[in-house]
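Going in written order, the chains are labelled A, B, C and D, and every chain counts its residues from 1.
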Amino acid sequence: MTALYLTLAFPLFGTLLMALITRCRLAGWLNIALSTATLAASAALAWQVLDDGPLLSPGKFFYIDAFNVYLVALTAFVGLTTAIFSRPYMTHELARGRVNSRRMRLYHSMYQGFLFTMLLALSTNNLGILWVSMEGATLATVLLVSLYRTPESVEAAWKYFILCGVGIAQALFGTVLLYFSAAAQLPKADDGLLWTALHGVAAHLDPTVMSIAFVFLLVGYGTKVGLVPLHNWLPDAHSEGPTPMSAVLSGLLLNVALYAVVRVKMLVDGALQHSTTFAHPHLTGDLMMAFGLLSFLVAGLFLHRQRDIKRMFSYSSIEHMGLMTFAFGLGGPLATFGALLHMTVHSLTKSSIFVTVGHATHIAKTQAIDHIRGLIRTQPAVGWGLLLGVAAIAGFPPFGVFTSEFLLLTATMQSQPWLTVVLLAGLAIAFAGLFRHLHPMVYGAQPEGQHPVQANMLPVIIHLLLVLWLGISIPLFLAHWFNQATLLITGKGLL
Amino acid sequence: MVLQSAYLAVILALASAAVSLGANRFPALLKSFAFPLLGLSGFAAVGAGLGALVTATTSVARLPFGLPWLPWEVRIDPLAGFFLLLIGVVVVAVALYGPGYVREFQHERHPVAALGAFTGLFVAAMQLVVMADDAFLFMVAWELMSLASYFLVAFQHENAANRRAAFLYLLMAQIGGLAILLSYGVLATFAGSFAFEAMRHAHVPLLWSAVAFGLALFGFGMKAGLVPLHAWLPEAHPVAPSHISALMSGVMLKVAVYGFIRVTFDLIGTVQVSWGVIVLLVGSASALLGVLYAMQQSDLKRLLAYSSIENVGIIFIALGLSLVFLGAGQPLLASLGLIAALYHSLNHSLFKSLLFLGAGAVIQQTHEHSIEHMGGLLKRLPYTGIFFLIGCISIASLPPFNGFVSEWLTLQTALQGVVLQSGVLRIIIPVAAAMLALTGALAAMVFVKVYGVAFLGQPRTRRSRHARMPDIGMRAAQALLALLCLVLGVLPNLAINLMAAIPRTLRHLPEPGATAHGWLWLTPVAPQVASYSAPLVLLGLALAWLLSYLFLHGRRNRSIRRVPAWDCGFGPLSPRMQYTGAAFSMPIRRIFQPVWKVDERIERVTDDKGLRLTGLRHQLQIGDVSWSVLYEPIGRWVLIAARRVALLQSGNIRTYLAYSFFTLLFLLWLIT
Amino acid sequence: MNITHFTLQEQAILIIAALVLFSSFSLLAQTRIISSIHAFAWQGALVAAATALVAFVANQHHLYISALLTLALKAILIPWILHRLVVKLEIAREVETVVHPALVMLGAAVLVAFSYYVALPVEKLSLLATRNTIAISMSVVLLGMLMMVTRRQAVTQVVGFMSMENGLFFAAVVSTHGMPMVVELGVAFDVLVATVIFGVFFFQIRESIESLDVDRLNRLAETDESAAVAEADVAGESE
Amino acid sequence: MADYLNPQGWLLALLQTLLFVAAAPLLVGWIRLLKATLQNRRAASPLQPYRDLIKLFGKEPVVADTASVIFRAAPYVVFSTTVVTAAVIPLIAVNLPTAAIADVIVLVGFLALARFFLALAGMDVGTAFGGMGASREMTISSLGEPAMLMAIFTLTMTAQSTNIAHAIDFMLSSGFVLRPSFMFALFGMLLVAVAETGRIPVDNPTTHLELTMLHEAMILEYSGRHLALMEWAAQLKLMIYGVLIVNVFLPWGIATRLTPQALLLGLVTVLVKLMALAVVLAVAETGLAKMRLFRAPEFLNLAFLLALLGMLSHVILEVGA
C-alpha cells in the first residue's frame, strides 16, 4: 500500500516542487531523480501485486490489479527514460532561446503533473476520479503544447483543448449514466462509481442504459485515444509541443485512454452478455473493432502525405492505437494478450522513436521532412537509431512489435478470417508510408551546414533492447503478468 | 551431431556479425576475423547438410526462445540439409572473396562495420529459415533475412537509385512476408498450432488448402522473383555489393524455393494437378520473360539479376511438373521432377554466385557497370575470364557442365507427360518444355553477348584497358565455384545419390532410379528411355580434341603469324567498330517487340549551321512492362486514396467538432 | 405518470428544467458575446436552483453544497472571469454572424426530440420524479455542442463548452441526486482550472492571429492547397 | 546398355565415327555437284572439298593480333564437339554402345555448345562482321531449337524414348505405319535442319557478301588449319542432320545385328538415302532464293507450328485423349 502512495506522492510532490525551482539545470536533474523514485515505488508496487494478487485500498479508493499495475510500471518507466532524454534536449532548447526559464519551470512542473494524473487515472478505483484525472492530464499538457508560443503551437493547443474537453465531457455524461444505472442496483449510492462494486453487479445492470453510456464513453475517451474520426487534435498536439512531451503523449496518454475504454468495456460487456433481452450482446466489441479498423486504415493512408516528421509519427501512433482497439474489440484471450503486448512494445518503441526524432530535428534545425537529410552520415547513432526504431515499429522481427502483430493476426484469422486481409493491406500501406519518408532522411550524403549535436541515446538503446528482448523471447514472469491481465479482461487465460 | 553443427553455423555467423561491429575503428577485424568466421560458419553448414543428407535422418530440437506456449522448433531433414549445404558452399566462397573485395570500400571510408554485421545476420537468418520447424521461428528468420539484406542493398546509399531499389525491395519483401504469414495462418487455423508438425497432420478442406497454396505461391514467388512479382529483383540485386548479390541471387532465392517446397510438398497434405499446371505456367512465363529481359540489359549485374529470374522460372517449371505428377498419382515421376528442381537450384546457386563474383571483380577493376564500356578483359583478367567463361557455359546449360544436367533432367521429366491421362496436359507439358528449350537457347545467346562484348574483342574504354588482376582470395573463390560447376556436370550421379533421400523423407516418394546403372550412367526413367553419361562425353571430347590437335601439330608449320585483322579489307580496327551488346540483341528485340517498353530514338547531330550532318546519336531505353501495367497503377491508387483521406484534416476546428458531434449522434441512433 | 401526480416542488423542478432548456436555446440565439455570457450565467443560476430544490425534495444534504458550488462557479465566478476577459480583449460589443440562424434553431429542436427518443429507455429505469429531465439534460449537452459547432468566436465556443458542463451537472443532479462529493469537487476544480487556461489562451490566440476567430486557426490543415502553403513556409524556414 | 562393355561394339562404333567424319565432305561435294548440274554449270568433282581441306591444312594459319586464346581454341572445341555428336548417331548400325552415351536432347546440347564457341570466336577479333554473324546465328538457332525439340518430342511420345537407337528400334519393330504426327515432325525437322546448317533460304553457304552472310561472317578471320577445322565441322553438321532425318524417319535397312553383310547393307542403304536427300536439298536450293534475315523467324515459326501440329495430331489422332 505504501508503495502505491509513494508512486503517487512523488510526482505530486514534484509538481509543486518544480513550480518553485527556478534553476533549469537543477530542475532537469531533479526531474530525473523524482521519476527514478516513482519508478522504484511502482516497481515495488508491481512486485507486491504480482505476489499477492489485486490490491484494494481501505476506502476502496484505489484498486490495483494485474491489468493496471503493469501500465503503472510502464508509465513510470517511460516517464523516467523520457526525463533522461528531456534534460539535454530542453537545455538545448533553452540555449536556442525557444523557451525561457519561466516556461522551463512550467514545463518541468507540468511534466510531473502529467505523470501524476496518468498514475492516478490508472490506479484509481473510482470512475469519476478516472474522469477527473483524464481531464487533469489534458489540462497539464495543454500548456506544454503551446510552450513555444508559435502560431502553430497555439492553434494546436487550442484544438487539443477544445476537442479533448468536449470529448471528455461526453465521457462524463457516460459516467453519469453508469452511475445512474448502478445506483438502482447498489445499496450505497456512493459506491455507484467504484469499479469493483460495478464489476460485481455488472450482470444486473440495465443493458440499454449501459449501451448508451458506452457510446458516450467510447466517443469521449476515444477522442483521447485518437480514434478516427475523433483524432484530429492528435497530430497537431503531438507535432507542435516539445518532443519529450510528444514522447509521453504517444507513449502513455493514449495507453491510459485506451485503458479507460477497456475498463468500461468490461463493465458493459458484463451487462450486455448476461441480459436475455438485449439485441446484440457483442455491441461493444463490434464498435471498437469498427473504430479500430477505420483508424488503422485511415492513419496508414495519412502517413503518405506527411511533411512534418513528428506529425508522421503521431499518425503512426493513431494507426497502432487503432490496431490495439481492434484487438481489444476482437476479444478472446489471444487477441487480448496480443493487444497488451502491443501496448507495451508500442509505447517503448514509439517513445524511443520520438527521442531520436528530437535529436534529428536538432541536427537539421527543422521538423520538415524535406530538410532532414543524410542522418546516418551526419550522426550515425541518431540515423541508425531512427532507422532501427522505424523498422521495429513497422513490425520487423526480431523486434517485439512483430510478435504482437503476429498474435493479433493469428487471433483475427481464427475469428474473422476476412478482416485479416484488410489488416494486411493496412499494414502494407502504413509500411510504405513510413519508409518512403524515412529513406531520404536517414540515407544519403551529409548536407552542408548540418552538424552532430550532443545527443543522449541511452533511452533509445534501453527501449530498443527491451523491445528486442520481447521479440526474441518473452520472459516468463512477464508472460504470466500479461496472462493474469488477459484473465481479468476476457475471463480466460492463455497459458 | 547434425543439429550441433547447424547451431555452430548460426552462432559463427552471428559471431562474425558481432565482430565486424568494431570494424570501423579497427579495419583489420574484418579481414582477419569476420570473414574467416563466416567461412567457418559456411563449413559448419556444409557439414550439417552433408550429415543430414548422407545419414538421411531427421533431427528435431526445441529452443527456449519465442512465446511461452510457442517455443522455437528446429528440425533438419534431408531437404533442409540440402539447402544448408547449398547455403554453406556459397558462403564459403563469399568468405574467401570478401576480404579482397571490401578493401575498396575501406579505402573509400564506407562504414564497413554495417556491411560485415548485416552480412553475418543475413547468413544466420537464412540458415535459421531452413532449420525452422514452426511458423513463428520461420517468419522471424524470414523477415530478419529480408531486413538484413535490405540494409545490405542500401549499403551504398549515396545515390538515389540505390535508395529507391532498397525501398522497393523492403516493401515487396514485407508484402510477400505477410502473404506467407497468412498462408501459415490458414494452415495453423486447421492444425490448431503453428508447429509444422501439427500442420503436417492437419486435415485442411480443399478450398482452404488451395487458399494456403495460392498465398504461399504469391509470397514465396515474390521473394523468388517470379514474373510478374519480380520488379524488386533487378533493382535490388545489382546495387548491393557483389558478394552480397552473389548471396542474394545465389542463395536467398533458393531459400524462397525451399519455403515453397516445404509448404507445398510437406505441410499441405493433398496436392491438386491444377496447382501444378499453374506453377508450370508461371514458371515458363518467368523463364522466358526473364531471359528476354536479360537479353536487353547492358548493366552486367542487372543482366545477371534478370537471368536469375529465368533460372528460378526453370526451377519452378520442374516443381510444377513434379506437382502435376504428384496430383496425377505418379510418385516416381514426381520425385524425378523434385530432384530436377533441387539439382537446378544447387547448380544455379553455384554458377550464379560464380558469375556475380566475377562481375564484382570486373567492376572493382574497371569501375564500369555497363558491358558496353568493357571489352578485351580476358587478356587483362585471364583467371576471372576463364572462370567467368565456365560460369557462362554452365548457365547456358551446355554439356558437359552442370546447368545442362539439371535442364536435361527437367526435359526428361516433361517428356514423361505421355503417361498422363488428360490429353490437355499431354499438350501443355510439351509446349512448356519447348518454351524451356527456347529459354535455354536464348540464355546461350545472352551469355555469348555478355562474354563476347565484355571479355573478348578490344577494350572500349581507358579504364577497362587498365584493369588489373584481382587478389588471390577473389580468384580462389571463383576457382572453387567453377570447379564445383564442372564436377556437378561430370559426375551428376554423385549429387543425385546425395539427394535421393529427400523425396522419401519429404513425403514417402520412391527414389527415382536415375542412378540405378552405376556411377557412369544417368538414366532418369529407364535406360531404354533415355541415358546420359557425362564422364564418357567428357572423355570423348578430350579424345577428339587430342586427336585433332596431334593430327594438326604433328606436322610442319605449327607456327602462327600474328597480323592485323583482315575484316574484309576494311581499314584498321578501332574498338568503336566492334559490335555492341545492344546491336547484338537487336534481332531478338525486333522479333519479340511487345515484350518490352522499348524507347529507341536516333538523333541527327548537325553542325552549328544545321546544314551538314556531323553524326547520329542512338538512345535506347528498355523498360519493364510490369511497371506500367501493375506497379505504377497501384501506387497511384494509394496516393489518390491518401489525398481523399487528407480532406479529413481540414484544419477547421468546428469541422472537427462536427465530426465528433455527428459520430455521437450516429452511434446513439445506431444502438436505439 | 403525468405531471399532475407530482408535488408542487417537483413541478417546480420541471419548470426550472424547462427554463434551463430555454436558456440553452437563448444561448444558441445570442449573437452578442456579452449577452451570451449573461445567458450562460442565468443558466448556471437555474441549475443551481434546481439542485437546491432537488436537495430539498429528496433531502440530500450534500446537494446543498453542490448547489452552492454551482452557484458560485457557474453563475458568478466563471461568467465574471469571462466578462472581464471580454472587456480586456475589447470584444464586448462584437457581434458575430451565425449562418442560417433559423436552420440552427430547427436543428436544435430536432436534437431535443432526438435526445428524448434516446433517453426513453433510460427513464423507464428510474423511480425519481425528476427522471423525465434526463432528456432535457442530454439535449442541453447536445445543444452546447451544437453551439460550439456553429460559432466562430473562441469566447462563445468556451461558453458553449461550459453550458455542456451545465448539462452534465444537471443530468447528474436530476437523474441520481448528484455524484459522490469527491467527484463533484474534482469536476468543479477541473472546470475552474479550465476556465483560467481558456483565459490564457484567448491572449495567446489573440497575439498569434490578431483575432479570436477560430476559423482562422487553420495553419495545420493537410488538404492540398494548405500543403502548398506549408511548402512555402518550409522554404521560408530553410533560408 | 547391357552390352556397353563388349570391345567389338566399341571398335565398330569407332570405325563408324571415323567413316562419318570422313564422309562428311563427300556429301557436301555431292550436293554441290547436283546444284551445279541443275544450274547448268560445269561441276567440280565431288572430291573437291577434300582438296580444299588438305590445302587449308597445309597453309600457315594467320591470326589477328586482337584475337585471344578463345579464337584459337574455338576450332578444336567446335570440331571435337561435332565429332562426338557424330559418334553417337547410328549411321549404319544401331545398338552400338556409343548410342547410350547421349540421347537426342544431349545431341542438341552438343550442337549448342559448338555454336556457343563459334559465336564467341566470331566476336573475339572485334570486327563488326564477326559480331553481326554471331548475333544472327544465335538468333536463328535459338528460334530453331524449340521447333527441333518439339519435333523430337513428337517422335519420343510415340517411341517412348529419346534415345535415338531405341527410337529407331521402335520404328523398325512397329513396321511401316503412316503416322500424321511423323509427317509433320519430318517437315518441321527439315526446315530446322535447313536453318541450322545454314542453307538457302536462310543462309547462303557460298556467299561472301558481308551483309547477307551468317555462318561465313563468323569465320571470316580464320585461315589455315583453323579454317579447315571450322569448315569440316560445318560439313559434319550437315551430315549429322541428314543422317538424323533419314535414319530416324526412314530407318529401314540399317543394321540391327553386327554381322558383316548386315553392316554392308546398312552402309549402302544409308548412302542411297543420303544421296536422295541431297537431291531434294539441291532442288530446293536451286528453286528458292535466300530470304531477308527478318523473314527467317517466320520460317522457323512455321517449323515450330508444323512440329506442334505433329504433337497435336499425335495426341488427338493416334492415342486420343
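One rule holds in what follows: a contact is a pair of C-beta atoms (placed from the backbone, for glycine too) under 8 Å apart; a residue touches a chain by one contact, two chains touch by 3 or more.
All values reported here derive from a predicted model rather than from experimental measurement.
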Longest centre-to-centre distance from chain C, chain (CA-based): D
Dominant interface by contact count, named by its two chains: B-D
Innermost chain, where centres are averages of C-alpha coordinates: B
Centre distance in Å when chain A and chain D are each reduced to the mean of their C-alpha atoms: 78
Separation of mean Cα positions, chain D and chain B [Å, integer]: 35
Length of the line joining the C-alpha centres of chain A and chain B, rounded to whole Å: 44
Length of the line joining the C-alpha centres of chain A and chain C, rounded to whole Å: 29
Sites on chain D at which at least two other chains make contact: none
Of all residues in chain C, the ones touching two or more other chains: 118, 121, 145, 148, 214, 217-220, 222
Residues of chain A touching at least two other chains: 158-159, 162, 166, 170, 208, 212, 235, 302, 305
Inter-chain touch pairs (all): A-B, A-C, B-C, B-D
Of chain B, residues touching chain D in the complex: 375-376, 378-379, 389, 393, 396-399, 404, 408, 411-412, 415, 418, 422-424, 426-427, 430-431, 433-435, 437-438, 440-442, 444-445, 448-449, 451-453, 456-458, 517, 521, 527-533, 536-537, 540-541, 543-545, 548-549, 552, 555, 557, 559-568, 573, 575, 577-580, 583-588, 590-591
Contact footprint of chain B on chain D as seen in their complex: 1, 57-58, 60-70, 72, 76-77, 79-81, 83-84, 87, 100-103, 105-106, 108-110, 112-113, 115-116, 119-120, 122-132, 134-136, 138-139, 141-150, 153, 156-157, 160-163, 166, 210, 220-221, 225, 229, 293-294, 297, 304, 308, 311-312, 315-316, 319-321
Residues of chain B defined as touching chain C within the complex: 643, 646-647, 649-654, 657-658, 660-661, 664-665, 668-669, 672
Chain A-facing residues of chain C, complex: 118, 121-122, 125-127, 134, 138, 141, 145, 148, 154, 157, 161, 164-165, 167-168, 171-172, 175-177, 179-180, 182-183, 186-187, 189-190, 193-194, 197-198, 200-201, 204-205, 208-209, 214, 217-220, 222, 227, 230-231, 234, 237-238
Of chain B, residues touching chain A in the complex: 64-69, 111, 136, 139-141, 143-144, 146-147, 154, 157-158, 160, 163, 166-167, 170-171, 174-175, 178-179, 181-182, 185-186, 188-189, 194, 638-639, 641-643, 645-646, 648-649, 653, 656-657, 659-660, 663-664, 667-668, 671-672
